[in-house]
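Please find one structure pasted underneath; my questions will follow.
Lettered A, B and C in written order, each chain numbered from 1.
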Amino acid sequence: MMQQKPSDPLSQGSRQTQAFLQTRNRRDRTARKAFFGITLIPVFLIIVITCLLVIRAWPILSSQPLADLLLGEVWKPTNEQFGFLPFILGTLWVTLVGVILAVPACLLVAIYLAEYARRSTRTIAKPVLDLLAAIPSVVYGVWGLLVIVPFVDDILGPFFHRWLGFVPVFSVTQPTGFGIFAGGIVLAVMIAPLIIAVTFEVLSTVPDELRQASLSLGATRWQTISKVVLPRVLPGIIAAVVLGASRALGETMAVLMVVGNVPSIPTSIFDTAYPLAALIANNFGEMMSIPLYDAALLSAALLLLVIIMVFNILSTFVLQRILGKARI
Amino acid sequence: MKKRIWRILAVVVILTSLLAACGGPTGGTAEEANSTDLQGTLTISGAFALYPMMTVWAEEFSRLHPDVYFDVQGGGAGKGMTDTITGAVDIGMVSRAIKDEEIAKGIFWIPVTKDAVFPIISAENPFAERIMAQGLSQEVIHKIYISGEITTWGEVLGDPAISDEIHIFTRSDAAGAAEQWAKYAGGEAQEDLLGIGVNSEPSIVDTVSKDPLGIGYGNLNSIFDMGSGNAVAGIMVPPLDVNADGVANPEEVFTQKKEAMQAIADGTYPSPPARFENLVTMGKPEGLTLAFLQWILTDGQQYLEEAGFVPLTPEQQTAALEKLE
Amino acid sequence: MKKNPFAKRHIIETCMKVIMLASLILVTGTLGLILWTIIKNGIPAMSWEMLTQVPKGGFYMGKEGGILNAIIGSLYLAGGGTVLALVCSLPIALYLKAYLGESKWGSYVRLALDVLWGIPTIVYGAFGFAIMVSLGLRASLLAGIIVLALIELPIMTRAMDEVISRMPLEVEQAALAVGSTRLEVALRVVTRQMLPGIITAVLLAFGRGIGDAASVLFTAGYTDRIVTSLFRPTASLPLAVFFQLGSPFPEVRARGYAAAFILTVIVLIVSFGARLLSSRLGKYTIK
């Protein structure tokens, strides 16, 4: 610190200023170190959650070969038979139906909003999508129970049976409206806002000049989109779909209420199924009363976690690259 | 901005500590206070079958003893048992018999009411009259639900001309009713039951009512309407041919809830599928828990009938009370 | 060259426009259908009682009472969870802005947040339950709050991060130019400028938290009383819906619909409120 004559008012001022500057810089550095700790929390959380699940699932993971667990078809906890295959397949079927139903419509909506829509349409669309995303899972479940299950039962079932019944995947195998199809429809609506939003963002990264260039050559809008814009952002769109799928994999309550919850291997979309998430939710109460049951259910949770993390990380990598710093 | 954040945080911290101070980690069962009245909080969880009844009991008991509070949850019989074993609750509601391993862990139980599971068929069943006249014997039920030897209604009625398939329905969620039905049908556990799994009680009743060829089962309260006492619209209750004489005897037929309840009470309806609903505690109950259980076995019994549960007979009551001593 | 409206590509163009519009209408219509279903089934069962009373003795058999326990419980759960998440989210978001703009670590943190965002709430619930069992804790309001905070953290932080990264560069550069440290920029300038966005993020997370059932299923328990202590179980609206829907009594099921209606209304209010607040508070920001 510079030595000044204490009586000099100007120097007093500048000493104060310098002191203040140093304090502020010190604060800055202290805060930097302290707050750095806070940013460790997300990473820390992921590690803790994974580890705890592994630890609690260990009793069953160590006592039965992994192949038996993952490929076993029989689920009889009282007999210590924990075959997860029906649940894994159930999860996959329901997710697949949901994604297949959602993707075409979502892509079209996103393309329309990004390429064609006027500002007024977009201002209406945004709240609609926000609301769809905000509706709680149980409310979707109630809607599914009241509207979709009867719809599958009374309309879709007979329709498919009449025209497509010869295809095994579309055959109506049980008389209730509960099942994979109902679950898929509800899931499709639930993941729609996400897929639309991400696809919209991805499409927005395409520079306008590209579109202008194409249009000035005489291409129609659609030709521009299909031949210029879409190929460019295809990885992003795939990533959006994968993200939507990962959300569908984990969705619990709404699917639970409409999918039937019967642990058998599905053969048709009208079959009932029992996704992993529903398994965990339905049986948490029984967890401790049968040996190994809690380890089994937590290993189901672990399995779900791992699959979803992989999907998530892959799609996030792609999207971060495409969207740059301005992530969704 | 910073000041506002701190102020908000301060308010939140104060509010939180107030909340925490109000309660604190309650141990559960409280001793009787110096005053003669009981006080404390009882935490209860378990079978959904008993849950509505327990809330009635909780309210009536609180009316008599205003300083006693209840936290009652559902979650299923398994949860009730587990929570009691781990000490998470004071009383567990268990809608099945208590297993030996559980008794070995220190579980103490008393029966508090009886209810039962009944078979149901659709009111639109083309063969309803004949089924109602003949009844379903235990052997027939075993062959439908466990061994799968009977697959058509014709085989049930002994009429080879009828080839309509039986659409068998069972519960897919863990249910005491399913376990009782399985035991009656000769199996050991719910998983032994054949049939299309339907999730939840209202769903199975609904599904059977819509399927003329369907057969299912359900609890007393789901099958008979609360108000009128008749079978719920759309379903019929085939009699269980208890004496296996191929005919539905008058005492085997129930058209009204009262008749069914009477049969359960006096034992003419077999157990299983009738069962005692039990309350369990870890070790012998004391203090507030004991007082509550004693009340349930005496004054509490008066609320059962209206709710559609069968009260214990005087002998059963005395036996249970003695057990509590 | 004159445009030939019947050229194949023009026909395709028109067709695609029609299909796209139809898809948009489908999506919007579905929202309308959902809201209509909830309103149609929920309103008949609604009564002043539902909002102001707790379940009385015979509630689960169709008698008197309401779901005030679930309403208050949900507000406590989501409120507590949101506050707890906010305490961690805001620093993380500000730190990301202030120091980690382009750094490698910053992108790892963002990746971690995205992963956390994608973890289904049932896994969080199972995780919370596993901890509770290991520590011998009972189901309680506090446990529910903590799990909800875990779930809301990535939602809130992500939303904040997104908003904050849209901050006009000129404002930030102006602040730096007059000599503020990065910390001061974060604490004084960013928060004020981005306040609407931050509030929106908080409300968004609150809305998600209050509607989630899978997380509180294992951890918060259920009770018919209004919770008075952090260490006792509490009811919640999503669970009220879920449990009542499984009842054999039609009157109780109808109440489940009413509970779903109340929950939806709360979420709608929060959603619109967020929008309104962000535009009202926008007057303090520099456009």
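Rule of thumb we're sticking to: a residue touches a chain if its C-beta (ideal position, glycine included) is under 8 Å from a C-beta of that chain, and two chains touch if they have at least 3 such contacts.
Since we're looking at a predicted model, the values are computed, not measured.
Using CA-based centroids throughout, the chain positioned farthest away from chain A is B. Between the chain pairs B-C and A-C, more C-beta pairs are in contact across A-C. Per-chain Cα centroids separate chain B from chain C by 36 Å. Chain A and chain C have centres, each the mean of its CA atoms, that are 15 Å apart. In chain B, the residues touching two or more other chains are 75, 86. Residue numbers of chain A whose C-beta contacts span two or more other chains: 284, 288. Residues of chain C in contact with two or more other chains: 133, 245.
Listing the residues of chain B that touch chain C in their complex gives 1-2, 5, 9, 12, 16, 19-20, 22-26, 41, 43, 45, 48, 51-52, 55-60, 69-75, 86-89, 200-202, 205, 218-219, 221-222, 226, 307-308. Listing the residues of chain A that touch chain B in their complex gives 75-76, 78, 174-176, 178, 256, 260-263, 272, 274, 282-290. Residues 75-76, 78-79, 81-82, 85-86, 167, 172-174, 189, 191, 196-199, 203, 207, 210-211, 214 of chain B are the ones that touch chain A when the two sit in their complex.
Residue ranges of chain A in contact with chain C, taken from their complex: 24-25, 27-28, 31-32, 35-36, 38-39, 41-43, 45-46, 49, 52-53, 56, 104-106, 108-109, 111-113, 116, 121, 124-125, 127-132, 134-143, 145-147, 189, 192, 196, 219-223, 243, 246-247, 249-253, 257, 277, 280-281, 284, 288, 294, 297-298, 301, 304-305, 308-309, 311-313, 316-317, 320, 325-328.
Interface residues of chain C, counted against chain A in their complex, comprise 9-10, 12-13, 16-17, 19-21, 23-24, 26-28, 30-31, 33-34, 37-38, 41, 88, 91-92, 94-96, 99-102, 105, 107-116, 118-124, 126-127, 129-131, 133-134, 150, 153-154, 157, 161-162, 165-166, 181-184, 204, 207-208, 210-214, 217-218, 238, 241-242, 245, 256-257, 260, 263-264, 267-268, 270-271, 275.
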